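Take a look at the structures listed below.
Shared between the two complexes below is subunit A, which pairs with subunit B and subunit C, respectively.
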Partner chain A sequence: MSILLAHFKSNGKEEFITQEKGGIRKESENKGFKNLELIENRNEFIVDVFNGGKIEGDGVFDFRYGPVSGIGEAGVFHLYTYGERILSVKIDTFYKRRKLDEKMIGMDVNDALKIAERVSGNFSVSHSLAFSRAIEKAMKVEVDDKTKRVRAIALELERIYNHIHVISKLASDAAQLVLASHLSELFEDSLCVNEIFSGSRYLRDFVTLGGVTKVPSDKALNSVLKEIEKNKKSFTKLYKNSMTSRNYIDRLHSTAILSARDAAMIGLTGPSLRACNVKEDLRIKDDIYKDLKIVTDEEGDALSRMEVRAKEILESMEFVENNVKKINSKETDRMTLQGKGDGLGWCESPSGAIIYSIGVEDSKIKVLHVSTPSVFGMAAMAHSIVGNIFTDFPFALDSFGVNFADAAR
Partner chain B sequence: MNWWPVIGMSKMLTEDKKYESKARVRVKKMKEFKRSLNIYTIDVGNCNILNFEMQALKSPKYNIHRFGIYSAASPRHADLLIVLGKPTDEMIEPLRCTVNQLPEPFGLLLIKGCGDDGIDPNELKLPNVVASMDGCPSPSEILAVLLKISGRSD
Partner chain C sequence: MIYVYLSFIFFILAMLVTSFKRFSYTLITAASAFAFVAAVVGMRAPFHSGAYILLKGVDLSIGVDHTSAIFLFIASISWFAISLYSIDYGMNYSKKMPIFFSSALFGMFLTLTARDAFTFVSGWEIATIFSYLLIMEHKGSFKEAFEFLAFGEISTVSLLVALASLYLENHSLSIIGTHGNWIFMVMATMAFITKMGIYPLHTWLISAHSKAPSNASAFLSAPLTLMGVYGLVRMLSIAGQPEWWGVLAMIFGGFSAFWGGLQAASAKKLKVLPAYSTVENNGMILATLGLSVTAHSANLTALSSFAMITSLILLFAHITSKSLLFMSIGHAKEALDEDTIDNIRGVWTAVGKIPAISMLISGLSFSAFPPIIGFLGEWMTLEALFQSYKFPSMLDKLSAAFAGILIALAMGLAAFSMAKLIGYSALGYDHGKKAKKLPSFSMNLSELFLSLTVLLAGIFSPCLIGYFGYGDFLSGLFGVPKPFLVVSSHPIFGVMSPTFMMIVAGVIFLFPLAFYILKSKKVKKVSAWNGGIALKEGEYFSAPAYSFTIEFILRKVYDMKEIKSGKKRYVSVKDVTTFLYDGLIKATKVTSKALSVTLMNGHVYSYVLYVMVMFVLLFFIAK
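This part shows the complex of A and B:
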């Protein structure tokens, strides 16, 4: 089943960018996609694609979360309810709209890369990687294997800390304070690993056009290996122990259930889609990832999403361990990029597919369209929370691993 | 059984780190904040790194409770409002409303974040700005500034 992720007009023709079987394709006809309106309105608001967001009736009122209190980010959740049960959700994204994608148009490609990195700070590598791949494709440049491997390690390090953050938030929502404290320490530890690897806690300024800024030294690689081994041991233990806690599991189980069919119609990708038992991952076609096991789960609830993320952390740690051994600190050749063309670049971020469609002329960006996973994650949250009650809200929100910075750009 | 609190205290496990920051702090001599702070954070349009750094600051690795730093659930319970990022047009009004809700005496810490999107929060002429930091500081730098504000370090 193809999942629509971006829709725009170029040269008077409509283009639909879809994901299917681990690949991204351009299509020219509308195959009855449900989420077209969602993509069109994403700068203003996000609603459930099945009921259009608003609901009216006796005693139904709009309960507002945000933009200051409650969610910790500049955005608003409108929960339509008659008390306790949530009937519908509308999410305002315009509070955090920084217009970064509009700002990039007309800029030099290297300056635009810095802005792409800032769209969402916790997906820095994913955004810069998708952006660089699009530019590299437009200028018909192929990077060497070692660069690909170093970039893949950075991407997996990003996945590790984001997933740990999500699980730590879920644990603290479920009042599992000991687990949450351990996980937040592990989160801080994994940020320190990032710093050893790239010099930046959030792997900033690491991916550049045609290469990486600096290949880590042998000493750094060794200590990354040591730290990852330590973190893997402690995470395995924590995960094993957390799954014996009835309180924790009961709280997550059957909260915010999403079916595979609905998820694909909304446009959901990433671990949240894999938790609905869909084996869809942009990494499977990549040769570097040939040993990677794609984790799926069956039930599509908050518990499944947590389990998929936990198992992905372990997979990613193993990937980093195996691949750090395969690289050396010798610098790679940096490509010089020149020319013009159109390119489509994508990447499997910790929360789903990030896609950049870019047209370049004279090293300046002429056209740019970006698709971010949080838009669809939030729409999926809005759909899955219907029928649940207020206290389920943080579990539904946190289990999708979405943020307003990414959704509003 | 391990007596972690005792072992930790005897080895000063958490105290061997120095928290340093170059940011200048303007707190009056009389010291509005007496060795304890209740902080409230508001995101006004940062790229999410600052939100993550605040989360990291609250992790047991920094253990900010031992310095009497707690996060308040509402601006009405807070001594210090931490403004994360450069405000977008839509967030200026909510920011001003939040500042109006703070009880006296209060302080504002502006952490501007990277990038030049949005408005410089210093231009908004907000009251009682005690310190302002550029870029995306690490948790230990933020903690250094918090310690200066609470009067625990110079």
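This part shows the complex of A and C:
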């Protein structure tokens, strides 16, 4: 199943970036992609690709949620309703639109990397990695295996804390305050692991063009190993206990159901797509991930999305444990990248595919297009929430693990 | 009698000068005032005209006794207010309207003062026919007016059968001092509960109200349904007070109250909500009448009397508050040219403070907000129902408990629906629609008069109870001087003093509030906002959305459907009782078609056969 993630014109020709069977490729033909309009309008608003946004009718009104209320970011959810029932959702990304992708054009590639890293704070590694890979491809640079492994560990550490945060929010939404508190503690522990590994709680300034800032010391790697082992035990116990709580499970079960077909047509990737029983992951073609078990689930609801994320935490922890043992603290060679060319870089972020398509000339960005998973996650949420009621909204939203910063850029 | 005659004369004069609309309505207002004086005089000393013998056994007579005085007292307040209101409101309608209005009031006055069946039924029919014509005054209301007429005639035919039975029993058409049998009781009940709009005979009331001009809606909903209650009270004085009637009245009344409350909670149209509220109020009145009759048959005289005065207080609250509600809604509806609750937001700023306050007071009365009169009526209803444990019969106890549960639910639903109505209309945010400038002096005056009546009648309700002749239920206790404490039984079961409640509330809340308002600095007003930015027109929580939860929970009862049509979405709810009538209409059409094909098909042989069959049938029946 070919999933359209980006669309732009390059040298007068239309290009369609799609994901299929764990790989990204450029196509020149429009295969009747349903989410084309969504991609084109994403800087203004995000709507359900099947039913559109605004709905009218007797008693229908726009229950506006945002831009400064409850959701933690500057964004607006227009929930069209005639009471409790959510009839349609229109998501306004305007308030968070910083035009970072436009600002990167003309910048030095190293400076642009800093901007890419800050598109969405919680996806620092994912954005910087996808950006770096695009630049490295454009300049035809191959990074060594150790760098790849260190970057992969950082990416998995990012996945771990993001997934824990999502599950913690879902627990909080369901008033499972004990679980939510324990998960918050685990979240904090995960950030501490990040700091030990990279020197930054949010893994910032770690990925550089052609390498990483600093390979962790042996002592740091041992600490990471020890902490991950402890966190794995804690999370396994918490997850097992949480799945015995009927109150918790009932709130997530059958909430915001999404079919595999619809998810793919919307452009959804990442754990939310895998929760629709689609074995699609950009890591599967990477040799470093050859032992990785791709987690899927069948229901396509908020519960499935939570379960996929929970199991991915354990998978990522195991990956970190196995790979930390394979690296040493010897610094890798630093590379200076120069030249010109076009490159397509991607990575499997905690919420799905991040893609950078970059054209470089004299170490400066000439062309840049970016595809972020939150755009499609929000559109998927807008589609799956239709017919649900207001109280389902936080479960639907949080289960997709999306954010406005990532969607609006 | 002079005031009765003066009232008649002014009603007739108003009919004659119908071309001068304002003058005609002024004469009707004067006629209503004389009717009020007649009621006050009759309350103190009953009077009558003496008999005019039309035929043997058919003595025509009018007068005012204690019972008719109470009803005339209540009705005339409403007539006065509605006719005063019509001086300005009536300018929006044709020159025929005053004659219809005056004739309908004349018919009601005749009914309330009638001492014989002939006069009673004449007044009844005059009121019905001219009410029909009043509804017809609104363009496109033929179907609704016809439905009203159909139910009105069902009521009249039932009444005629009841009165024929009364004549056969007594060889007299007098309704004073005669006795009726069970046929009289059943048929008269049928006639009167149809007028009251008791479930399932309420559908006419809803459709007629939503189409009729607002002064006519007020008239149909308040004084006209009062005639039904008056008829029942008169009927009970003629036919006695059997237990079975009381039990049935409690059950039907309780269910009707519940059904009215339930439908009001989902109503979206401006005049449909108060119309269902009428079904609810009249249901409560019927249930308390039933309780009174049941208590009487069980020799519980104190409870019987208390339930009867409860009925009268409920009636007073309903007539005055409902007239006020329809008038104020009509005022806003006419000024804003809208007919849904959602579209009439901001009456306070857009239309005026008086209609907004009127809506607020009447809505609070129906929500049983102390110390307004509706509060006392509902407190007394619950107090009366709580005393049903005194009934010796298990059937009576269960019936009262059943009615009590339904009425308690109805009260909750009524408060819910009134909060919606006044919350959106009187107190809702102004949606910026410019109101038409109407001549509204008499409308404002009338609304102010009824607002004060509803408020003061609540505060001084013990005086009202005493005035109606039920001073036994007034006492003094806990420092509250006699007669400002209402007691629900002897020995004391429950007590309430709206007067002192008002004094206490005044001391605790109102005076400090007034002081604060007077002394406080000017308040800076800003537009409502959400999420950091001002609310836009399409972002206000809509009135249908307010009702959605209850509609969804009770979706089977409401036959609720969520409709999806292209880009449009809406919720459809129905009063499922209409299915009963739809079925009847369908069955009638099918039968008519079958008859037209088989018997009335134009073939002479079929006619001959039909005539012969009918002849043979009649022969056997007559034999």
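Methods note: the second predicted complex is superposed on the first by the 409 of 409 C-alpha atoms of A that agree within 3 Å, B and C clash if a C-alpha of one lies under 4 Å from a C-alpha of the other, contacts with A are read in each partner's own complex, and residues count from 1 in each chain.
We take it that a residue touches a chain if its C-beta (ideal position, glycine included) is under 8 Å from a C-beta of that chain, and two chains touch if they have at least 3 such contacts.
Just so we're clear, the structure is a prediction, and the values are computed from it rather than from any experiment.
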Touch check for A:Leu87: first (subunit B), second (subunit C), both, or neither? second
Between subunit B and subunit C, point out the one touching more subunit A residues. B
Thinking of the overlay built on chain A, is A:Leu100 touched by subunit B (first), by subunit C (second), by both, or by neither? first
Could you tell me if A:Glu142 is touching subunit B, subunit C, both of them or neither one (first, second, both, neither)? neither
Which partner chains sit in contact with A:Glu361 here, subunit B, subunit C, both or neither? Use first/second/both/neither. neither
Does subunit B (first) or subunit C (second) touch A:Gly57, or do both, or does neither? second
Applying the document's definition of touch, where does A:Ala405 land relative to subunit B and subunit C: first, second, both, or neither? first
Taking the superposition as given, does A:Val68 touch the first partner, subunit B, the second, subunit C, both, or neither? both
Subunit B versus subunit C as contact partner of A:Asp111, first or second or both or neither: neither
Contact residues of subunit A, present in both the subunit B and the subunit C interface: 67-69
Considering only the defined contacts, which subunit B positions touch subunit A in the complex? 41-53, 55-56, 58-62, 74-75, 88, 90-91, 94, 97-98, 114-115, 117-118, 136, 138-139
Would you mind writing out the residues of subunit A in touch with subunit B in their complex? 67-69, 72-74, 94-100, 103, 115, 118-122, 165, 181, 184-185, 187-189, 191, 201-202, 403, 405-406
Could you please specify the touching residues of subunit C with respect to subunit A in the complex? 268, 342, 530-533, 535-536, 538-549, 551-552, 562, 567-571
Taking the touch rule as given, give the residues of subunit A at its contact with subunit C in the complex, in rising order. 52, 54-69, 76, 80-85, 87
